C-alpha cells in the first residue's frame, strides 16, 4: 500500500481513469492480508473482506453492465444471489449473517471476477457515450466502492483485533504526533443558516434539499476529544454512574459489562489499544476513537456539555478557521492523528441528530432508491470522515449514519454546549 | 365508571381535591375487571393492572411521603423493591419482564396499600405548607398517575384482546359516529415559529425551552387517517411491497408475517376489530388506530405523502380552525370517534420526529431526572393525546414517545406533505 | 384441606365414588390459594393452577363424554382449544408458554366448567354399562388428574417461592421429625430379575412388559440423602469443581451461576429453605429435595458413589425390609419427612436410567397413545413418588420422568454403588 | 489422498511409525481443500478444518511432550488457549462457537506447528523408554487424531454442502455399487450375553467393563436402510404425521420445517444429494445417510419396527454371517456403498440406547477423564463406524454418541423388531 499524491483534482479525471484508481485502491487495502483474513465474519455488522471485493464488483456488473447491455454475460449466474447486499429490488440474496460461512468462491476466483467486470466496464466506457443516468450510476458505483473501502478497514481491524494474538495489519502505517493544547471553544451566533448540499459535483440523495434551519447560539470545540480526557471519565467512574447514560445505553453497559472503549485493554497496569499497526501504548493526546453513541453521549453529559446537532456541526465547519489537516486513507495512518485540526478526516464525529430525511427528500427510483432512505430510523448522524475515508469521497454536507451501540467504525467526539 | 363533568377548572381545585379525583379515576378504570385480569403480563411492554395500582401509589409514598417526613412508616418494606419501575436512583427493583409472575401482594392488599398512602398523603397535605419543590413533586405524582391511567387502558385492551375469547372490557362504553367527509389539506407558510412550552401550569421537562424553529411551507390533513383508507393500502398490497417500508420496518413485517394492524381480523369475510367493548365490525369512517410507526410511515409513502414533524404538528395545531372535539377518557369511548375534529384527543399522532432534547434541555436533579431524558434515543414523538387521555392532562406542547414497532398504544396518523 | 383416612381400598370403590373423591382432592389442593395465585406462569414448565383445574376437566369431557355420546354438548366451544395440553391428535391448542397470559375464563367460570362436566359424567356413569375401553379411559382420567394434583403442588410451590415475599401456601401443614441415623447400605446379589408391571389394577403403558434384566451385584442406601450431607458437598466446593459434573451440567451451573439447590438461601448466616408452609430453617436431617439430575449426579460422584438404575431401584424396593413410612399427599406435609423410611413416598428418586421403552412396549392407539411414549427421549426416570403423590396413585413399578435440569418437582436422591 | 494398503497389522508397527501414518492421513484429508475452506465454522457443532489440524497437535504437545519433559518449549504460548477443546482441567480455552472467527494462526503457521510438534515427538519417542502411562497417552493421542479425521470429513462436507455453489471436495472419490436385494431379518435368541470390551489392544474407557446383559429374542436387519425405502416414508407423508415422532422430534420437524434428510434436494423433479464428490442423483439402493435420531426413530415406527439397542447390535454383530465389506476412509468413497455388507464401516448405526456408563465404569484421572464420561447425558449411542472411519480405529464394542437432532455425521439405520 503506498501513498498516492493526487495533484490532479478528481473532477478532471476521466470516469475510466477514476474507475481504475478506485478499484486499485481497494486492492491496495487488502494487500497486507493473508487469505484467511479475507473469509471470516465475527459479527453480523462485519462482512468478510472477500465479500467486499465481490459486492463492489457486483454493483458495477448489475447496475451498469447488465442494466446497459442486454447481451452482457454475467461472470457467474449465482454471484448476484451471493453478493447482493440489501437491494430487495435486485432480487434474492444470501443471508447477511452468514456471509462468513461461504468459502467459495475463493479469493482467487473473486479476483478473476473483478478483472472480468473491470475489462467489460472499461470496454463499455470506451465504446459508449454515457447517458446522464448512466454517468450517475457509474458515479454512485465509484462512491459505493469508496464507502466499502472504509468498511473494509473497519472490518479488517475488527477481525484482527478480535483475535487474542492481536496480529498486525500493516506495520508500516504512519502515526502523526504533534504537541497538543486543550481544545478551545468556538462561538456561533443564533440565527438562520443554510444546510445541505447544493452545486456541482456528486452528493448522495440524503444531502440534497439545501434548506434553512434555525440555530440557537452555541459553542463548539475546535478539536476532538482525546484519549486522556476520556480516561478521566473512566477513572471518575463514568461507566458505573447510571445517571450519565441514556436508558438503552445503561442496559448496553450493564448487559455487556462495558468498562472501556473498543480495542482498549490494560497490560501490566499500562493502557494499551489495538491499532492497525498492532498493539500500542495509548497516546493520551490522540483523539479517542471507537466510542459508541452511548459512550460519547455519557461523556458529554459528565462534562456538562452535549454533542452538536448535525446542523450545528455543518455550520461550525463552514465557519472554521484554518485548513483541515486531519488524515484520510491516503495518509496511511495506523490511528487518528494527535494534531489540532479541522472538521474533515481523522474521525467521524457523532452528532446528536437522528438520521432523518431533509425537508424535500426524495429517494431515487429503482434499486438505488434503497441506498439511503430506508435506513432513516434508529440511527445517528456522524459527520466529517475518518482516516479510513478517501479524501475525494468526503464533503462537509456528507451524512454518515450508524446505530448508537456500534463502535467498530472510526468514530470520535467533538463537544458542544450552549453559552 | 361514570362521566364526570368538571365545570371547575383543575387549576382552581386544591391539590388534595385533585389528588382524590385522580386516585378515584384510576379505580374507575379497573372497576369493570375481574381479579384475574389484573395479574398477567403477556408482553414485556405491558404491566399487570395491579402493578399500575401499586406503582402509582409507590410514587407518592417514596417521592412525597418518605422524602418529606423522616418518621413516615412504609406500608411494607418490600414494596419499594416490587413497585419501583425504572428509577435506578431510587434503588433496586424487580425485573420488568417478570412483573406478571407475582401473585402477591394480592389486589386486595394493594387496595389497602392505596388507602394507607392516600390517608397519609391527605393528612400530610392538610398539615403542611408545601414548599414549591414539594408542590412540584405532588404535581408530577398526579401527572404520573394520569399517564398510568392511559397505560392501564392500553394494557387492559392488550390483555383482553390477546385472549381468543375476546372478552368485553366494558359493554357500556360509547361510540361517536357522524358523517365524515374526506380530509382536507391545511397550508402553513414557510417561516420561523416558536415551539415548546412556556407559561403557567404544569408541563414536563421535555417540553420546556420554548424556541424558534424554521419550517418550510407544508400542508397537513385536517383529519386523521381512516380505517377505510388504510384498508385500501392493504388491498393494494401495501404489506407485500418492500419499497414502501423502512428497512427495519420491512424486517418487522417479514419476521412477524404482519398483514393487518393490531386487533384487526377477518370473520366470514368481514373485517372486524377488537375494541374495549369487544369485537366489532370495522367502521371504515373511524380513524385507524394501533399502527406502528413502520405502518404509519409505509402508508404515507404509498400515498405520496409523509408524516409531519412534531414542530409542523405543533404549529398546525396552533393555526387550526374550530375547536377540538375528539374524545378523552372522560368521554368513555370504546374506540376512536369517526368525527371530523381537532388535534387534541382521539388518537396520539405519530410524527416523523425522533424524540430528542430541545435546545437548553436540562433534566431535573435526583430520581425524577430519570423521568424523561434518559429515553431520548430510538423513539418517535407522538402528539395530541387519545381517548385514553384525561382531558386535564394534555397540552398542545405535550411530547409522548414510543418505539417505532409498538402498536398497543392508541396511536393514529395525520398526513402531511410539501406543496 | 383435611386428611382423608381411607379404610376402604380404592379398588372396592365405585368409579363414580372414586371420580368424586379425586375431583374433591383437586379442589382441596387449591383451597388455600388466592385467586391471583391461580393465574400466572413464571416458567414454561409451570402451568397456572386454574389451567390444571380446567385441563383435567377437559380430559374427561373430551375423552369420555364427547367420545361416548355424540349428543354431548361441550360446555364451551373454545375450551378444547384452550385446555388441550399436548395431544396433537385431539386438535389445535393454545401455546404452552402462554398459558399464563389468559385471564379468562376466570376461576369462577372454570369451577362452573368442573361442575358441568362432573354432573354429566356422574350421569353418564349412572346410566351406562361402560365398555372395558370406556372403563380404561375413565381410569386413565382419574390417574391423569392425580398426576396433575402432584404438578399443582410443584407449580404452586414454584409460583409462591418465586415471589420475594415468600408467601405461605398453608401454615397448618405437618412436619414429621424423628431422630435419624446415617443411611445403611443394603446389598443385592448379581443375577437376573424380573421388572415391570404385571397383574391386577392400573398401570401406565410404560410400565408394562414385565421382563428379565441382568444386574451386577450392588449396594443401595436404605435412606434418602439429607440436607446435611448435601451441605457438606456445597461446603467442600462441589459447585465449583468441574470434575464432578456432566458437561451439560457444568454448563448449566456456569451459565446460571448455581450455588445452592432450588429454594435454599441464607439469612443472617443461617441456611433457610422455602417450604409449602413458608420459609423455614433448613432441617439437616431431612432429605434434600429439589435437586436437578445434574446436582444429584455430581453429589454421587463426589461421594464415590453413583445413582441406581431404575431396575436396581425396583429390585431393591422389592427386597426392602420394613414398611414404607414416607409421606404422601394425604399426610399433608410441608416438606419431606426426616424419618428413616422405605421407597414409596416422600421424594421421587432420580435414577441414572434414561427414560426408554421397555422391550415389547406398545403405545395405545389414538390420542392416549401420546400420553407417555413420545416423551422417551432426553429424560431421566424417577421412582417412588413423593409427599405430593396420592397414596393410591403410586406403585413400585411406576416410572416418572423429567429432564435433567429440572428442580421444581419433589425430587430426592438415594445413592448406590458397586461392592 | 491415496489408498494405503496395510498388509502389516497396526499392532506390529512401532508407535513412531503409527504416529507418522496417522499424521500423514490427516494431511491427506485436507489436501483437496482451498485455504478458505479451512477457516470457517457455519454451525457450533462444526469446527474449522485448520482448528482440527491444530487441536490434534495440541493434544500431543500438552499431554505427551509437556507432560513428559519439563524443559519442553511450547511452539507458541497462546496455542493451548486457542486449541484446547473442552478439557477444563487443561486450562482456559477460546469459546467453541467462535472458532471460526480466528484467521490467525494461518494454515501455514499451523502446518509449522504440526511439523514442530511432530519433530519433537519423534525425537521423544526415539530417546525414551515410555512408561505404560506414557504409552497409553500416546495411544489415546493417535485414536484422538483418528476421531478428528472423521470429524474433519463431516465438517468439510457440511461447509462445502452449505454453500449454494455445492463445490466438489474430491471428484476422484469412489462409488461402490452392486445389485442389492432387500434386507433380510436375522433372529437372535433370548438369553444372557456378554457385551463390552475385553482383551488386547486399545479401547476407550466407555467400552470397558465387559458384562452380562439379558436380551429378549429379537430380529435385526442384515442390511442398512436404503434411500429408496426412506423415500417411501417421505412420499407416504412421514414428515407430516405427528404420530410417528417423538415429541422433541416433532418440535424439531415443525420449527425447522424439515421435509428431507440433510443434503437432499430436488432438481427438475429429480432427487439429488450432495456428496463429497459434489451433487449426485440419489442412488435408491444406497444406504440412507445423514438422518437425525428423530428421523431414524420415526421411520422405524412407521415401518412397525424399532431401532436396536446397542447391546442387541453388539450381540447381532458377533453372530453375523460373512465378512464386513463396508467402506472405511481408506476406501476413499464419496458416499456410502450400495452393497450388502456387515456391521463395521459404511455408516454409523443409530441405536435406541442412551449413552450411559457401563456397570463398573470409571473415568481416568486427570484431563483425559474428561474424554468420554462427562458426555453421558442426552446423547444416543451409534455403533459400527463409517466410510469416514479409519479401518484400524473401529471395533465391534466401539461406542460413538451424538445428540438426537444432529445429522451431519455419517449416520445410518439398521432396523430391529421383536418376533
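A, B, C and D are the chain letters, set down in written order, and residue numbers restart from 1 in every chain.
Following the convention adopted for this analysis, contacts are C-beta pairs under 8 Å (C-beta built on N, C-alpha and C of every residue); 3 or more make two chains touch, one makes a residue touch a chain.
Please read these numbers as outputs of a predicted model, since none were measured by experiment.
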Chain at maximum distance from chain C, centres defined as averaged CA atoms: A
Self-contact between copies chain A and chain D, residue sets same or different by half: same
Euclidean distance of C-alpha centroids - chain C vs chain D, Å: 38
Computed distance of Cα centres, chain D from chain B, in Å: 60
Cα-centroid distance, chain B relative to chain C, in whole angstrom: 46
For chain A, residues that touch 2 or more chains besides their own: none
Touch-based graph of the chains, sorted into line, ring, star, complete or other: ring
Each pair of chains that touches, named by its two labels: A-B, A-D, B-C, C-D
Chain D-facing residues of chain A, complex: 34-42, 50, 78, 81-82, 94, 98, 100-107, 159-160, 162-165, 167
Contact set on chain B toward chain A in their complex: 86, 88-89, 192, 211-214, 216, 242-243, 245-250, 293, 306, 352-354, 356-357, 359-360, 369-370, 374-378, 404, 418
